[in-house]
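Note that the chains take the letters A, B and C in the order they are written out, and that residue 1 is the start of every chain.
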Amino acid sequence: MHETSGPSEQDRPSLEALTRGIVDSYQTGLRAEHIDATFLPSRDAAIGLLGLLHELVFPGFIGEQKLTSVNLLDHVGSIVAQVRESLEGQVDAALRYSRNLERDGQGDDCARCTELARRVTDVFLTRVPEIRRLLSLDVQAAYDGDPACRNTDEAIFCYPGVYAIFVHRVAHELFASDVPLIPRIMNEHAHSKTGIDIHPGATIGESFFIDHGTGVVIGETAEIGARVKLYQGVTLGGKADALTQAGRGKKRHPTLEDDVVIYANATLLGGDTVVGAGSVIGGGVFLTASVPAGHFVYNKPQDLKYRSAEKLKAVQAATLNG
Amino acid sequence: MHETSGPSEQDRPSLEALTRGIVDSYQTGLRAEHIDATFLPSRDAAIGLLGLLHELVFPGFIGEQKLTSVNLLDHVGSIVAQVRESLEGQVDAALRYSRNLERDGQGDDCARCTELARRVTDVFLTRVPEIRRLLSLDVQAAYDGDPACRNTDEAIFCYPGVYAIFVHRVAHELFASDVPLIPRIMNEHAHSKTGIDIHPGATIGESFFIDHGTGVVIGETAEIGARVKLYQGVTLGGKADALTQAGRGKKRHPTLEDDVVIYANATLLGGDTVVGAGSVIGGGVFLTASVPAGHFVYNKPQDLKYRSAEKLKAVQAATLNG
Amino acid sequence: MHETSGPSEQDRPSLEALTRGIVDSYQTGLRAEHIDATFLPSRDAAIGLLGLLHELVFPGFIGEQKLTSVNLLDHVGSIVAQVRESLEGQVDAALRYSRNLERDGQGDDCARCTELARRVTDVFLTRVPEIRRLLSLDVQAAYDGDPACRNTDEAIFCYPGVYAIFVHRVAHELFASDVPLIPRIMNEHAHSKTGIDIHPGATIGESFFIDHGTGVVIGETAEIGARVKLYQGVTLGGKADALTQAGRGKKRHPTLEDDVVIYANATLLGGDTVVGAGSVIGGGVFLTASVPAGHFVYNKPQDLKYRSAEKLKAVQAATLNG
C-alpha cells in the first residue's frame, strides 16, 4: 500500500482537466472513437432482435408463456411487427455505416440502403419457417445424441449447443444477404453465453449438434454437412499462413462431409482438410490433412508414465503441471 | 451487396401474411412449439431462485449489503418466504409438465404434484444449513488451493469454481428429489456464467475445488470423493458407445476417489474408469482406464521439434497451426 | 418420483423455524457470512464502473450513441464525474475492508483510506488517455491478426479478446495501486463474458491480441512482451509445486518475450519458462522448459491410427472417446 498521504481537495485535478485530457485523446487519430457517426448499428438492438426471434422460433418456451391457440395469432403478429421494424432499422444503419467506412462519410443519402434493408428484412421474415424446420431437426439431433437428455424440450430449454445453432442459423441468413456487422454481433453474443464461437459465414447442414460446447471454434469458411456431431473444445481452424489479413477471402477452414463425428478437444486445421462422409475423429486428435470416407482416426494411446506415491514429491515439480 | 433495387411499399409481403406463415409452421408437428402448455416451468424463475439462494448462503456478499445482527432475521425471513413460494410453484409446474409429457396432457388435475412440491420445498429449505456447511468447506479448499487467492472472501466474490459448486449443490438437491428440468436449467445457467458444465446428477464430495474452470465437463454419472481438485478444461466424460439414448441410465462417467488432483485439459472417459485415492493426473493426459491409489500419471514428454527462424517461413504453413 | 403423499399445511415446518435454522447456521463460524461488515465493496458497482469506462474509452460505440462534437464534452464530463465518485467510494470501501480483515475490524476510522482512495482515483483518471493509446494498438493488432475481421470497428464491437484486454488494462492499473478485491472482481467479470481468464497481476505489453479466446488462462505472475498473439485454450500456468498458498508471491508463470505467437490449446507452465523473442509455439504443445529466441516448437505429428468402417463398431467403444 502506498505510504504517502492523500491529496487535499484543492490540489486535486479538476473534473474539467480530467475530462479535457480524455476528450483531447479522442482527437489524436486513435482507432477508438465514433464521434458524429450517425449510422452505427446498436449492439443492444441486435441482441434484442435475438430475444424476439428466439420467442418466434420456440413459442411458449421463451418470453410470454401461457400461449393458447386463441391469443397466438395476435401475440406472434406483434412480435413479427417488432422484428420487422427493428431489423429494418438496424440493417439500414449497418449498410449506411459500412458505406460511410468505404467512402469516408458519403453514406448519408443512401436511398438504396433503405430499400435494401426492406428487402433483406422481408426475405428474412419469409425464411423464418424454414429456419424453424432446420432448428427442429437440430433439437431432435441433440436429444438423440445425448443419453442425459430427458426429452426434446430439455434440449430447447437448456442446451447451449441448441442456442448456438439457433443464433447461427439467424446470423447466417443475414450474413448471406451481405448485412455488415450485425451477424458478427449476434454470433459473439452466443459465444459469450455458450463458449461456442461460430463465425456467421460458416455453412452448416441439418441435424447439427454440439454437446457441452465450451471452447468450440468454427471458422468463417468451414463447410459442414448433414448429421454432424461435435463435442466441447473442437476447433475447425486455419493454418498459420492463413491467419493474417493476407488470408482474407481464401478457404481457410476444414470441410466435414455428412455423418461426421468429432470428439472432445480435437483440432482440425486448413482449408484443404476434408473429413469424408461417416468418418469419426477421436478425442484430442490434432489433424491437418484429409481423412477418407468411412474411416476413423484416433491417437495412438499415449505413453503414460506411472509413479508410486513415494516418488511423487520429487518428480511432480518437473512433470506434473496444472 | 445485392445490386437489385428494393421493393416499394405496396409489393411488400404484409405483416399478416408473414405472421400467418410462421404460425402455420407451428402446426406442422415440429418439435418446437409449446402452445396451450399451461404448466411449463419458467427459466427466469429458476434463475431468480438461484439469486435468492446465493444471498441466503453467502449473506452480505450478494444482494442486500449492510446486514446487521438487528435486521438479519427479518431480511433472511423475507428471502426464505420468497424462496418457498417460488420454489413450490416451479416444482409444481415442473411435475405437472413432465406428467403431461408422459400422459399426453392429463396432468392438470394433479393434487399429488402440489403436495409433492410442498414436500420437496420444505425438505430443500431444511437442507440449506447443510448446503452452507459444504460450501464453506469448498470455499476453504479454493483458498488453500490457489496462491493467487488473498482470502476466502475473494473466493466467494470472484471464483467461478465456487459459483459452479454453489449452483451444483443446490441443483443436485432438487435432482435427488426427482424434480424435472429445473436442476438442468440451473446448471446450464452456471455453465453459461462460468464455462463449467456439471450435470446435476453428478455426486461430488466435500472440499471440492475447480480452478479457472473454463471448459470443465462433469457428466451425469460421475462420482467424486472428498478433497478433489480439478483445473480448466478437464473432462469427465463418456465413451463413444455410451453417447446415444441407448446409454440412458448406465454408469457412463469416471469415478474419482478421495484426494485426487487432475491438472489442466486432461480427459478421463468411461464408467469403469476409477482414479484411486490420492492419485494425480497430469495436464493433457487422455485416460480411458483405471489408475491405482497413490499413483500419478503423466504424458511421456512429447517429442517437440525445434526450428530456427530461417526455416520458419517454409515449414509453418504445413506444421504450425492455430 | 417419491410415492409418499405430501404434508398438510399444519404439519409443515413454519417459515420462522426454517429462517431460524438458516440464521443459526450463520453463527457457527463458517467462512460464509458478512454480517455487520460495513465496508464491503460492491460487485455490481465494480461492474458498473467497467460499463462507464468502456464508454469513456470507446466513445460512441457503447452506451450513448449519436455523440457529436457539440455534446461530447458535456457527455464525457458527466461520465468522468460518475466514475470519480463511484471509484473513490469503492476503493475506500475495499481499503477499509482489507484493513478490517487484517486487524479484526479496526478499519472504521481510516482517514488514510479515504485520502488514498482519492489519490488512486485521480491517478487512474489521469491515466485513461494512456489506457486508450494501448487499447487502440490492441484493436489494430486484432484487425491485423484475423482475416475474418472486416475493420477495426468490428474488433471493438465484437471481439472478446479486445474486451478482455480492455478490462485487464483497467484492472491492472488498480492492482498496481494495491487496490484490494476490485481488480479481481473486474477480471472475473471479463472471464465470465469471454472465457478469457487473465489475473490482474499479469503484465502485458502493447499490441496484444487473443483470438477466439475461450479457455485462455494467464496467471498472476506471467510477463508478456509487445506484439504477442495467443489463441483459444492457451494456458500460461504454474507447475504443481506452486499451486498451494506456499507459492504465494513467487514467480510461478511463464515469460513471453516480444513477437511471440502461441497457437490454440498450447499449455506453458512454470515461472522459469521463457519463450524467446519471435519464437512460435504450435497448437497443442505442452511446454515446461524455455525456448530460445527465433525458434518455433511444434509436436512431432501424432501417430494417428486409421480404421475402415467395418472395424469401427468393434473398436470404438474402447478407443474413440468424447
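In this text, contacts are C-beta pairs under 8 Å (C-beta built on N, C-alpha and C of every residue); 3 or more make two chains touch, one makes a residue touch a chain.
The structure displayed is predicted, hence computed values, not measured ones.
By the residue-number overlap criterion, the interface of subunit B with subunit C counts as different, with under half of its numbers used by both chains.
Between subunit A and subunit B, the superposing rotation on Cα atoms measures out at 120°, rounded to the nearest 5.
In terms of their C-alpha centroids, the spacing between subunit B and subunit C amounts to 21 Å. Taken residue by residue, subunit B touches two or more other chains at 195, 211, 214-215, 231, 233, 237-238, 240, 243, 261, 263-265, 267, 269, 280, 283, 286, 299, 316, 319-322, whereas all remaining positions touch fewer. Subunit B makes touch with subunit A in their complex at residues 1-2, 4-7, 12-13, 15-16, 18-26, 30-38, 40, 42-43, 101, 180-181, 184-185, 188, 191-192, 195, 197, 199, 201, 211, 214-215, 217, 219-220, 231, 233, 235, 237-238, 240, 242-250, 252, 261, 263-265, 267, 269, 278, 280, 282-283, 285-287, 291, 294-301, 316-322. Subunit B makes touch with subunit C in their complex at residues 56-62, 65-69, 72-73, 76-77, 80-81, 84, 95, 112, 114-119, 122, 125-126, 128-129, 132-133, 135-136, 139-140, 143-154, 156-160, 177-178, 193-195, 211-212, 214-215, 231-233, 237-241, 243, 261, 263-265, 267, 269-270, 280, 283-284, 286, 288, 299, 302-309, 312, 316, 319-322.
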